[in-house]
Amino acid sequence: MKRIGVLTSGGDAPGMNAAIRAVTRTAIYNDMEVIGICRGYEGLIEGDVVPLSVSSVGGIIHRGGTILRTARCPRFVKPEGVREGLRRLKDYDIDALIVVGGDGSFHGAYDLCKLGFPVIGIPGTIDNDMAGTDCTIGFDTACNTALQCIEKLRDTASSHERLFLVEVMGRGAGFLALEAAVAAGAEYVLLPEVPFELETLCKKLRYAHDRGKTHSLIIVAEGVMPASELAVQLKDTGGYDARITVLGHIQRGGSPSSFDAVLASRLGGGAVEALKRGESGVMVGRIHGNIVTSPLQVAWEEKKSLDADMMSLIETLGI
Amino acid sequence: MKRIGVLTSGGDAPGMNAAIRAVTRTAIYNDMEVIGICRGYEGLIEGDVVPLSVSSVGGIIHRGGTILRTARCPRFVKPEGVREGLRRLKDYDIDALIVVGGDGSFHGAYDLCKLGFPVIGIPGTIDNDMAGTDCTIGFDTACNTALQCIEKLRDTASSHERLFLVEVMGRGAGFLALEAAVAAGAEYVLLPEVPFELETLCKKLRYAHDRGKTHSLIIVAEGVMPASELAVQLKDTGGYDARITVLGHIQRGGSPSSFDAVLASRLGGGAVEALKRGESGVMVGRIHGNIVTSPLQVAWEEKKSLDADMMSLIETLGI
Amino acid sequence: MKRIGVLTSGGDAPGMNAAIRAVTRTAIYNDMEVIGICRGYEGLIEGDVVPLSVSSVGGIIHRGGTILRTARCPRFVKPEGVREGLRRLKDYDIDALIVVGGDGSFHGAYDLCKLGFPVIGIPGTIDNDMAGTDCTIGFDTACNTALQCIEKLRDTASSHERLFLVEVMGRGAGFLALEAAVAAGAEYVLLPEVPFELETLCKKLRYAHDRGKTHSLIIVAEGVMPASELAVQLKDTGGYDARITVLGHIQRGGSPSSFDAVLASRLGGGAVEALKRGESGVMVGRIHGNIVTSPLQVAWEEKKSLDADMMSLIETLGI
Amino acid sequence: MKRIGVLTSGGDAPGMNAAIRAVTRTAIYNDMEVIGICRGYEGLIEGDVVPLSVSSVGGIIHRGGTILRTARCPRFVKPEGVREGLRRLKDYDIDALIVVGGDGSFHGAYDLCKLGFPVIGIPGTIDNDMAGTDCTIGFDTACNTALQCIEKLRDTASSHERLFLVEVMGRGAGFLALEAAVAAGAEYVLLPEVPFELETLCKKLRYAHDRGKTHSLIIVAEGVMPASELAVQLKDTGGYDARITVLGHIQRGGSPSSFDAVLASRLGGGAVEALKRGESGVMVGRIHGNIVTSPLQVAWEEKKSLDADMMSLIETLGI
């Protein structure tokens, strides 16, 4: 193992730069060279690469986004794309590849691996919807960003005695919505994993109102429905006049939290260690505090489930 | 002057609590009593009041929103509403009223004043669209909030090499949009005060792209058009694929910045000083560093204009 | 179980209010009454209590500090003090007590428990030096606070090409120092758990300097030595001219992070659940994601050890 | 005017990068070239320069510190040093120099100017102790940083009912201490401009205590005395047991606030405009909202005085 490549792919997540730094420095510490591949698989196919040194990753640990940039790459979904990528890796004398991204990105890594090329995945997505690790890189930061925004909305909701609907990211998974809802002390949360009943929500709002509650915050994961649609339903059914806020891409940016900077540093280091041990086709993750590896397929074959206790907390604490 | 009332009205703004604290403590320091009137003119009419003491305003200087809450009050637009408010003030032995809010709130104050009741206005709105003061309470905090959100968007815009449209508050005035655009180093800004030309914007985007710029941020004040509509126009005319973010009510919340906490403290103190001097029907403001008073009507009769230099800065620095 | 008491004791930690809220609301949800005891065991002995309701804990989830205030109580270390506390609890018809604090506070709880009074402990300290839980309430927030301060120091260290020593809290345990050092990408960390060798540090600084590194950050846990003393040693031995910063009590304040707000909510709820199950003399903790209970003594009898991988990360990534 | 140089000198201040960006882009917009001179006058003498382009100043507007780094340069205080600097400027075909820094840095600029070289100063220091501008770059950010730290201290001061002394930067001027004290609602402030009377402070503390105030915050500018010394005096004279926090270099770092990013952008642009108009030996400043120029000597010959109203606000609002 003389020279390794590293790329970031899919949606960006805070901490990706910390992972790039950790991969680069751990590799150099172990006498390897590191090539940064820009714009994910797209840049791989196009040969958009840059050598990384100890100093070129200095000062990036706290920058949001990814210095290698990222992209979706439809070409890489097809076998020709993957073979083209493989050729490029060989052109650059790269012996192994480390991929930072979500489950879509891991699919590409898996395809490369099936052609015999050594690949390690590092889970980076604010959605936290990947098995094989208790937390993905970026999740904690996104929770804090969402929390800070919701706190600001609470100020104005409380001053105006209003009902606020806050749409947070999460197409297929409600981890971010649930965590933010508990952390913000929201009164209700709509999750993709739980069937939504308008009746129950309206009843709860009426009950809260009768008890003297003058404002409420409802968190809705984008995968359930747009906040704007929920507002219409609440108006039509219960006569509620709700304000809506869509947090959107803000949740993807920002400096990584301490938790994410540490997690990314450990997973970045762990990925290089796994390569040194001769592993391939695996992702690194942190489970119960330990850095472990699991087959890449775990990322899309296994389903990480929401904590039932967290869901009942919303009910108990939102009274 | 034995007992004064204070209320917050209209949209809430960070720093309103700091103003309430300053009014209360300055009044008590001057041997007056202070009555807090809840929910603006609505609460005045309904007699929703609470006495304020030195300690009841302790610890509120940094809280977002307003502890007195706020509301719009259509009843107070009509003469009967104003007269009812006046009766209430007399019921509570209140000798003068201090109103914290925007120009709409100052209209109500003006109506009370015309009936002979002593009133002082404190300008509090994130829009900064009031003459009689260089800055309104809340504007600086809102600029910082917008800036911090836009910085997060810049992370992801840069990582994905995308065009982002950010809609900021500002129906009739572009102060917030312009300040945030310069502070964030945005490439373009759409202001209510300046006619928008789609052609010019598309040309600028093409030029930036030709020069190698891979991502751009455009700030649009809500008063010009919704960001979603701008996205459609950019798609139709130039084929641009833009992501949109609507900052919304987040801009209204949060702890006041140092600037706003100081401004609110000074204007709150200044309002009580003005009452002591026997002034009425005026607003306090800070102009060129000095606390001054102007007739309440200035808030809606005079137009504060955007700084032309700031507008050309966007052009120069966004290259 | 009709009426429970809750108190915070020892050094305050961000998230204590979230724990108070969760205890209160979970108890009321389960038809219990809740009495807040002010100023820890001191307030218990003096009968400084206040009933808590659903609304009296509204809006406190994100406030730093503790609304019940806290104090050290030498009287409670002696048997008479504990018996006096017990009498007070009976005077107020309190059936069980929930104590939020560190291991010192748990000693007091244990003494009460030995007299037959039902007690549950919730671990709250920024030091994270308590077994029985993977994380204590406040640790994550303190890490983020330290990180944000160190990032600012990095700006100026880098601009001036200087060596900075940052003293973080931690008398007997280096969890905070280690986490902050990894998160901040510090070049070196001094931990109470690891013997300090001045020679090794100077060698490392020389090596870094020879490689062209123009600035360095060294984190020192207060338990090792004051930063000012380290500065003298570095000056005397290696001629280094270091700037020092002592983060101090700043690390104890601030709104809880998302992680801490969630942890505190879960442990607060878990403490009431434990009481319902008839448990006593235990602390609640989160281990591997699950809310569990352990004997109170675990807090001072078992030693939680630093992660060895984290220590070697500093070495690898600080090159 | 074909090619200009820019350097940052003295203590770094948030917003210096925004100023470098504005100078660079405004100059390029006006068809000039820009040379960045690293490490202030030290780097000038040593020929440590780097060309700046539109893209090399991209993404720096929000970074703390200065990408050109800074240094103190004793050599430049002497005539030979200045002449050596002048030779270097001519070696690099630089036609004019823009210096970002405090009054010490302006002295160097003035010396260059006396030798006939065109120089413009941009005031950048967190101390705000320069006439010729209402605010220096970095002051507002430092106020916000201090405020945020003090708010965290307030949490723990209030929870523990303690007296806290906070030492903020400011050797000869109390602008930062006074602004932070008013913004934080501190009970007392010690300023270099005002003779300190221990008796008065103790009396005030006793009075506050008698009125039931359980915690207090005292802000002390470093120029008055170290917080540690004040603690000793308070202990000896009044028996007060105070906690101390020294904010230190944290106040120098961090992303610029919106206010500072805008101010730096305007002054950076204004400096280039002044060069275009043929001005030299002047500093740019913002006075009453307008960008103006004043002779460089104003920075050290005129004394900017504290606002008397601000000082009495502490007295009135700290009751």
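Per-chain residue numbering starts at 1, and chain names A, B, C and D are given in the order in which the chains are listed.
One rule holds in what follows: contacts are C-beta pairs under 8 Å (C-beta built on N, C-alpha and C of every residue); 3 or more make two chains touch, one makes a residue touch a chain.
Since the model is a prediction, treat every value here as computed from it, not as a measurement.
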Of all other chains, the one whose Cα centre sits farthest from chain A: D
Length of the line joining the C-alpha centres of chain A and chain C, rounded to whole Å: 28
Whole-Å gap between the CA centroids of chain A and chain D: 39
Whole-Å separation of chain centres (CA-atom averages), chain A against chain B: 35
Residue list for chain C, restricted to those that touch at least two other chains: 151, 154, 158
Contact graph of the chains (line, ring, star, complete, other): ring
Contact pairs between chains, per stated definition: A-B, A-C, B-D, C-D
Of chain D, residues touching chain C in the complex: 8, 12, 14, 16, 39, 63-66, 69-71, 145, 149, 151-161, 164, 243-246, 248-250, 252-254
Residues on chain B engaged by chain D in the complex (per definition of touch): 18, 21-22, 25-26, 28-29, 54-55, 59, 61-62, 134, 140, 143-144, 146-147, 151, 154, 158, 179-180, 182-185, 211-212, 255, 257-259, 261-262, 265-266, 269, 288-289, 291, 307, 309-310, 313, 316-317, 319
